Each structure stands twice: as structure tokens, then as C-alpha cells.
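Got a structure for you, questions after.
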Amino acid sequence: MSLEIVKVDGARPYPPRVSEFTQTFWQALADGRLITTRGVEDGRLTFPPKPFCPHSWSDRVEWVELSGRGRLYSQTVVHAAPAAFAAEAPYRVGIVDLDEGLRIATRILDDGAAPVLDGPVEIVVLAYDDGPLFAARPL
Amino acid sequence: MSLEIVKVDGARPYPPRVSEFTQTFWQALADGRLITTRGVEDGRLTFPPKPFCPHSWSDRVEWVELSGRGRLYSQTVVHAAPAAFAAEAPYRVGIVDLDEGLRIATRILDDGAAPVLDGPVEIVVLAYDDGPLFAARPL
Amino acid sequence: MSRNVAVLAAAATPVGRLQSRAGDELQNVEHEILGRLVIQAVGEAGIDKTEVGSLVFSHPRVYTQQLYFATFMANYLKLTADAQVVEVMGNGMTGGLAFDQAMADVASGRADVALALGINMETAAPTVEHMNRTMRTTGDIDFHTPFGFTPISWYAMDATRYMHDTGAGRADLAAIAVKDRGHAALNPIAQYRQPITLEEVLAQRPIVEPLGLYEVPPRSDGAACIVLAAEEVAVKLGRPYVRIRGRGFFHEGAHQINESGGDMTAFVAAQRAAATVYEQAGAGAGDMDFAELYAPCTIVQILVAEALGLVPRGEGWRAASAGEMQLGGRIPVCTSGGCLSRGHPPYVTPLYGMVEMVEQLLGRAGRRQVEGARLGITSSELGNYNAALLHVMEAAA
Amino acid sequence: MSRNVAVLAAAATPVGRLQSRAGDELQNVEHEILGRLVIQAVGEAGIDKTEVGSLVFSHPRVYTQQLYFATFMANYLKLTADAQVVEVMGNGMTGGLAFDQAMADVASGRADVALALGINMETAAPTVEHMNRTMRTTGDIDFHTPFGFTPISWYAMDATRYMHDTGAGRADLAAIAVKDRGHAALNPIAQYRQPITLEEVLAQRPIVEPLGLYEVPPRSDGAACIVLAAEEVAVKLGRPYVRIRGRGFFHEGAHQINESGGDMTAFVAAQRAAATVYEQAGAGAGDMDFAELYAPCTIVQILVAEALGLVPRGEGWRAASAGEMQLGGRIPVCTSGGCLSRGHPPYVTPLYGMVEMVEQLLGRAGRRQVEGARLGITSSELGNYNAALLHVMEAAA
């Protein structure tokens, strides 16, 4: 279930922090895998991954891989961007409902046209020089 | 009742803001006069000067000149100073009870020895290159 | 509530650009602006300063140089307090929480008189730099912010989804901006008072699609002070006052999006808080004569009005276009001009909402007076309305 | 209070240096640290997460990158709330106000269970830069700060005056530091646990005369979560708990110094708040078995103990030197080790005080247990104790 890795020149405009716990996620992402945590007892997923299950507060969690497929719930194009993102503006961001029932927010890669809501998308890895991010691309 | 003006080279490490209202105070200080406001109705003083009387909240206030004499209530020498004041450390600051019954906090000018509490002090003007501050000097 | 709470008076500065730049020779200092308002509001309330027991401040912006502002102000005003002196913070809910906390202090008997007050200064900070900070507020800085989400981008996605689900068009949302400007034209403390047309709104440059410049909030400074008291204090004073009839709060345990999915435009927290506030008030959505909502974008006003039951779910855009939400309409919303035109100094915006409630319920709203205004509702929020705080108030003439 | 409030459980991280530097590859993130504590404390309380109705956070430090931290945490923990989610701020009183607000939410019936919680991260900021900010907190930035006053310089002036008025010597104040270190040696979550001698304290370099390095607080990070509930909830759970017996607050309308003069070392606000809290508690200073005071410097602990009537006015230094304030003494003060040795993460320091209250009153303080501890008092402050917030609690086994 490897994700496509799209090379992006330069550094991430606002790099995420990596903790001892979340490094597992970011390392997997760099390798082309979208993973998160699941409560062992109730089988419930969460995103972002957490060292406990937020539904039951059990600390018995396991890493699981996600399909990287979902549907576009909503989207917008940001024209007025913060200084950190000014060079990229305008850019498209959106909300994706993954097939596993998780709602996430991410960058949207498009060919310029507005993608269709509820249409299928896939997650790809954006491989910046300083580390990975992810994005959704309409299929 | 003019205050002695002591020339100090350089700029104030942390210059006070000047508002349309407080500029009257700072201009007078530059001219060697320590002034503040007094409620017209109750005759009560306040320091710092305010566009209203803080005791009665009346907005009928007038500017009055202070004697610039008082007694040292307490003092300390700051050895661990913020970055802005690091070049001046160690320096002495203190609390002065002015003869008019107002308690103020200010820099203390001394000859190196600890001044005596309850001893008389006078207010002097510190004329920095960028504007005035004031200080108390044991008499 | 253990005892009834009244609002006696409110004072606010005109919303606009008040903040000085760092290099300006003369500075507009926050304590002078707010101090004046406190004295004005307490004076209008007919209260002596010694009766004030609680001071609840909205936390000032990071640009405010004087830190520990609340206790500094207590000194500046020589105002003693035996209930509490505190700053509260909760995003767009900040001013609402200040009001709510002051109310709770009175209701519980801690204080007979409490002030809810604050100042928001930010306009001297360039917008792109300011956004470098605000992008860290409305999202997970590790799992949202790196993609470039801005605070209003979440509302824009509400709009995109809402249009998809309901068939509303851009013009149907934009109508809110025209209406609000019409209200602001009648409000002396509004930031933008020149009437605008639908064509002008639609012609503005896009900010976060589908929202253009006139559909998102301006940058604003502002300050306000509200005087609350036990109803018995109000009765003794013998003047008209406002009675707080109910209070509702709900946080859905989500921030911007809910990882479990669901209808993002339903504003579940506002629905839940509304059920509580209407029950406490013993009145329903249909009983409200007007509403002053925290709504930083056109779409938000529609969605909150729907969540509070003021207009039918999924039909708010029709109600807006039909003029139901304007002065003279069935349920006037944001008679102040709202965030879009009255202006939006975020941490005190809900206090400006309270100011409008007081003006309307005391019959002092002049040309924007809602005729016969007896009952009104106000709101504030966290995130993308992931939490809502509501108050219902009534005129007690 | 309209109904009795119980403290069910408390959790805290060891005080120390937790904050990562900007460049560190792996970062200690606040939400992971605090999230763990919430789950631990609520678990120990025997409460289900759905029962929590109120989340009152101490506002995090400016160094905390994730802004709007409270609502972010509600999401991180998927914790709904129908009373409130708020951050409070009030200098050294911050954690005390969080506790107090959570208590008020329970007392008023808004919530059956409330959390008071927070995290303070600051140690990665160099002290001289950090002080560039804190000097703007404890004074008028136009009429105090330009002279170079630092937060603890005000306490140093308390010391100078107190020594002048009472005849106390430097060693009499320094004895507090020795005592506190002895307590911290017995506290597994204390930052500094190696015993020290009076000679060592006196030999340290001066920081703000007459106070040396060991008489002023260290730089510290920390985090804590306290679970409060209606007493009826506690009774149903059938486990030992702590009952809040009283609460007192007073702000004297001054900041650092009172322009009208007076005895600066009398800590008038603490005296006034004490009168209230003892009245509410139906118990006096002489009934207290121990006290956990907010006291960032040696002198402060003496002055607060005097203001609360735990030791005679002007004689606190004699009581300290005579061992009355240490474990086994007449009135043990700061059994946690206090700000000086337990550590001082300012915005959550009062929450650490609550943690110690709970440990002592539940008889879980191990080697630092005050024998037969039934009643205790805790404090927090604004400015130079220009305002004080006090709580008296008792064991309800």
C-alpha cells in the first residue's frame, strides 16, 4: 500500500515538530506509508496518531497502516496567506474523509481546476528537502 | 524647585512610552520639574499622573509640581538583570516616599554604599541622549 | 443560576485602528483607553467604584506591551476587589467568557457588582506577520498548520460544503455582507459604515475561496466594559436594565474538524448550547426578537443562525436573501453590523455583542433599534464553532 | 458556596527542565505531557471521561507553540464539556485561579466534575532574554520598568525593609531555604533534592540584595492536573477525598507598590483574604496543620505566613529559625520544598501547591507526611502579594 512520493524542492514552509512518539509516523511517511494508531481494546482509529486511544483513554494502542484513499469533504483556495506561506499562495487545502472513517485536513494537489466534493482522492507524500508532508490528489 | 539634571551618555535601556497625556510629565521632567496630577475636588495626588483622579474617578484633575524630596523606604541591588539592563548591572533601585505622601519606585544613585532606610533623598533628572528618566539620590 | 444577574451598563470605543506603531512618538496606550471606558460604564450604571467586587478581563493580544494587564489596571484605577481579578482566554470566545465569568461571580454571590472588560489592539501588526501567529491558533501546528490553513480557511470550507449540500450560490452568502453593512451604517461605533451593493461584494478579490474581501472580517482594534450586578442591585437603582435569562455552553471535543467525521456545517456545539440556553431561559428560538452572533464570515452567520434554530437548517441562505435577517425582518441578526462591518477585534468582539444587546434591550439603539426588542440571544465560539457559548437576555424596564 | 466541592485526585510531572530547544530533532510537546497527566488523574479519581464538564487551564507560557491550547487539548483528549473550556491568567495566581474556577463550576452546579490543569514550559529560553519579558509583568512599563526592576527585585525590597523593621538578619531569612531543601529531599517530584547548609546558602552569589542564588526561585518547567467534583460524587465513589472548606480573595488595587504608602511587608491582601477564608472554613490560623504557600523567595514565605496569622507579625523570622515551620515543627510550611526547591514553573506553581495539599490530606506524602494532617491552607498571589487567593482544605477520609 505504498503512497506515491512527489519530490518538492526546498524546505517545508512550517515544518511539524517531531516528538519521540510521532517520529514513527513521520518516518513511515517518508517511506511512503500513511500510518496511525488504533486502540487495541476497542479497535478505534484516531488521527493524528496518539500514545493513547482518545475514545477510551486506554494506553493500549497499536500502529496500523491506512489505505491512503478517501473522498474530498471540502476545500478552499487560500489567497491571503501568512508570511510563511506567502511564496506558495494561492494554494488549495481541504478536508478528506479517509475510507477508514477518519477525517483529516491536508493540502490538495490539483491541476488548477476545483476538485469535485465527495470525489475520490489519494494521499501522496510530499518529499521536501527537509522531510515529508502529505497531500491529497483527486483521482 | 528645579531638580538637578545629571547628564547620562547613551540611550535609556528601556524607554517609557509617551502618550498624548503623559507627554506633559516627560516634558516637564526634561526641564527639571517633577510634576503629577491632583484631583481638583478632593485635592488628592496620584503617581504616575493620570487623566482622572484614581481615588474618586473624577476627571477634574490639575497638574501640580512636587518638591522632589522624600525618604528612602526600601532598596535593593539588582545583580541578575534582564538583557536590556545587563550592561548596567549591578545597579541599585528603590522605593521612595515623597514628602507629599506619594510612594514611587525609581533608580537610586549612590556612591557605592548602601543608603540608609528612612534617610532623606532628592529626585534628580537623568538626561539620557534620547530623553529623561528620574532617580533618587541620598542626601 | 443561584440568583438573577442584571446588566446595568456598557461602554465601548468605536471599532477601528487605534494601535500605535512601535516608532510613533506619541503612543495610544491600552490602559488609558480602557480606563476611560471603565469610569464611563460604572458611572452610567450609577454604581460607586467601591461596590465592584470582580474584574474579569479578556486577555490582551500579544502586542500589548504592559503584561499582567488585569492587575496593572486594578492599580491604575485604584480598584479593590474581593471576588477576583483575572484574565480569561478562549479564542473567539474570550470576551464571551469574560462576560460569563463576571456573571457567574454575581450569580454565585461572590460579587454584587462585576466588570467584564477588555481591549484588543493588533492593527499595527502587518497582516501577513499577524497570520504567522494566528495560523498557530486554529489548528494542530504539527498536523494542520504545515499545510497552510489560516483561521478563516476553515470557514471557507464550511461555505464550500454548505453550497454543495444546499444549492446556495455565492451571492446568497454575500447577501449577509450587504445586510450587515446596512446595519453598520446606522451604528456610530461601527468600523465600516458606507453602504455596499451585492455587486461590490462579489467583485472583491478572493481571500479564501469562495469568500472575498468583504465576506471576511477586517482587522480591528477595540475595547469595552460591561457592568453586571445582582438583580436586587439593579432594582434598587430604579433604572431600566437587562436581565440575563439563560446561558448555554458546549464543547464537542474537537478542534476545527472532528476526526470522527459528521456534518461539519451543523455546528453541533451551537445546537447543544442552544438547547441548554433556551431551556434555562424558558423561551425558544421563535421567541427571540433579535440575535447578535459571533460570525467572522458571511457563511458563519448563516450556519449559527441555523444551529440556534433562528432559521431552518439548510435554509438560512434563503432567509438571508429574503431579508428575514435584516432590520425590520422576521429575526434581525447582527444589528451592530457584526464582525464584517461593525468590526472584529477578536478577543473583545463578544463584548461588543453584549454592548449591542444592552443598546437594543434598553431601547437605545437609535436608527437601528429593533422595534419592541424584549428578548435576544448572543453567541461566541472556539475553533470552527467546535464550542459555543450563548446567552439569552431580556429587557427589564 | 452553594454545594461542597471535593478534590478527588491530582497528578503532576516532576518539576525540572522539560522544554526542548528550537533546534532539537525530537521535541517534548506540551500536549503529550499534559495529556498523560489528565488520563492518570482522572483514572485515579475513578471518574469516566464523559463525567467531566469543565476544563480550566492555566494559560501556557508565550514559548508554547500550539496556541489556543485549551481547545486543542479538548480535541486531543476527545473530551466534551458542557460547563466551560477556558484558559485563565493572573501571574503567580494563574494556577490558583484555574483551581478556583474549576471549584466554582462545581459549586454552582455547572459541572459535577471539573479539571484544573496546565503546563508551564520556559527553561529553554535564556534567563536574560526571559527577564526582558518578565520585567514587563511586575511593574508599570513606563514608570517602573525603565529603572530596571525585575520581578524578584520587589521581594528583595520587602526583605530589606523587613530586616530594617524587625532586626532579622540575612541568616534568619536564609534559614527558609535550608528548611525547604530539607522538605524537597523527601519529595520525589522536587527539582532540587540535595540537602544544603545555611553556610552554603549564605555563600551564594547575590541575585537581588540581600537575596542570593538559593533564596530566589530556580527556572522550572512543570505540568499538573487536579480533579474536582461535587462532594456527592466523591461520597458515591467511596474513597478518601479532600474537601474544600473555604476560599478567600482580595486585591488591594495596587501593583507592586501602593502609591498611598503603608507597610509594604504587611501583605494586606493576604490578611484580608485570610479573614475571609478562615470565616468560610469555620477555622482559624491556629487550626491549620500545615500550609503550602506560594512564596518565590525566602522572605515571601515569612511574610505570607505572618499575614495568614500562622506566625506572629514581625516574628516569622524567629519562628523559622526556631524550626517551627519545618516538618515536625508547630506549623510546617511548604512541605513540598516550595518554589525554592520543589521548583517554580510559575503559571502552574499553585497547582503544585494543590498537589501537595492532596498528598498530605490523603496521607500519601510518604516521608514528608505531616502527622495527623487534617486541615491545611494554600495561597497564590498577584504582584508583590497585592492580591491573594487562599483555599483551606480538609481531609475527608
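Here the chain labels run A, B, C and D in written order, and each chain numbers its own residues starting at 1.
As a working rule, a contact is a pair of C-beta atoms (placed from the backbone, for glycine too) under 8 Å apart; a residue touches a chain by one contact, two chains touch by 3 or more.
A quick note: this is a predicted structure, and the numbers were derived from the prediction, not measured.
Here B-C and B-D are compared, and the pair linked by more C-beta contacts is B-D. Centroid analysis (C-alpha atoms only) places A farthest from subunit B.
A straight line joining the Cα centres of subunit A and subunit D is 41 Å long.
Between the Cα centres of subunit A and subunit C there is a gap of 33 Å.
Of all residues in subunit A, those touching 2 or more other chains are 17, 46, listed in ascending order.
Multi-chain contact residues of subunit D (touching two or more other chains): 29, 65, 77-78, 140-142.
In the complex of the two chains, the subunit C residues touching subunit D come out as 1-2, 29, 55, 59, 62, 65-68, 70-72, 74-75, 77-91, 93, 97, 100-101, 104, 107-108, 110, 133, 136-138, 140-142, 249-255, 272, 276, 382-383, 386-387, 389. Taken together, the subunit B residues at the contact with subunit C in this complex read 17-21, 23, 46, 50-52, 54-55, 57, 59.
Against subunit D, the residues of subunit B that register as touching in their complex are 12-17, 22, 46-48, 73-86, 88, 90-91, 93-95, 97, 101-107, 117-118, 133, 135. Note for the complex: subunit C touches subunit B at residues 25-29, 32, 35-36, 39, 42-43, 49, 65, 76-78. Across the complex, subunit A is touched by residues 127-129, 131-132, 134-135, 139-150, 153, 156-161, 164, 205-210, 256-261, 264 of subunit C.
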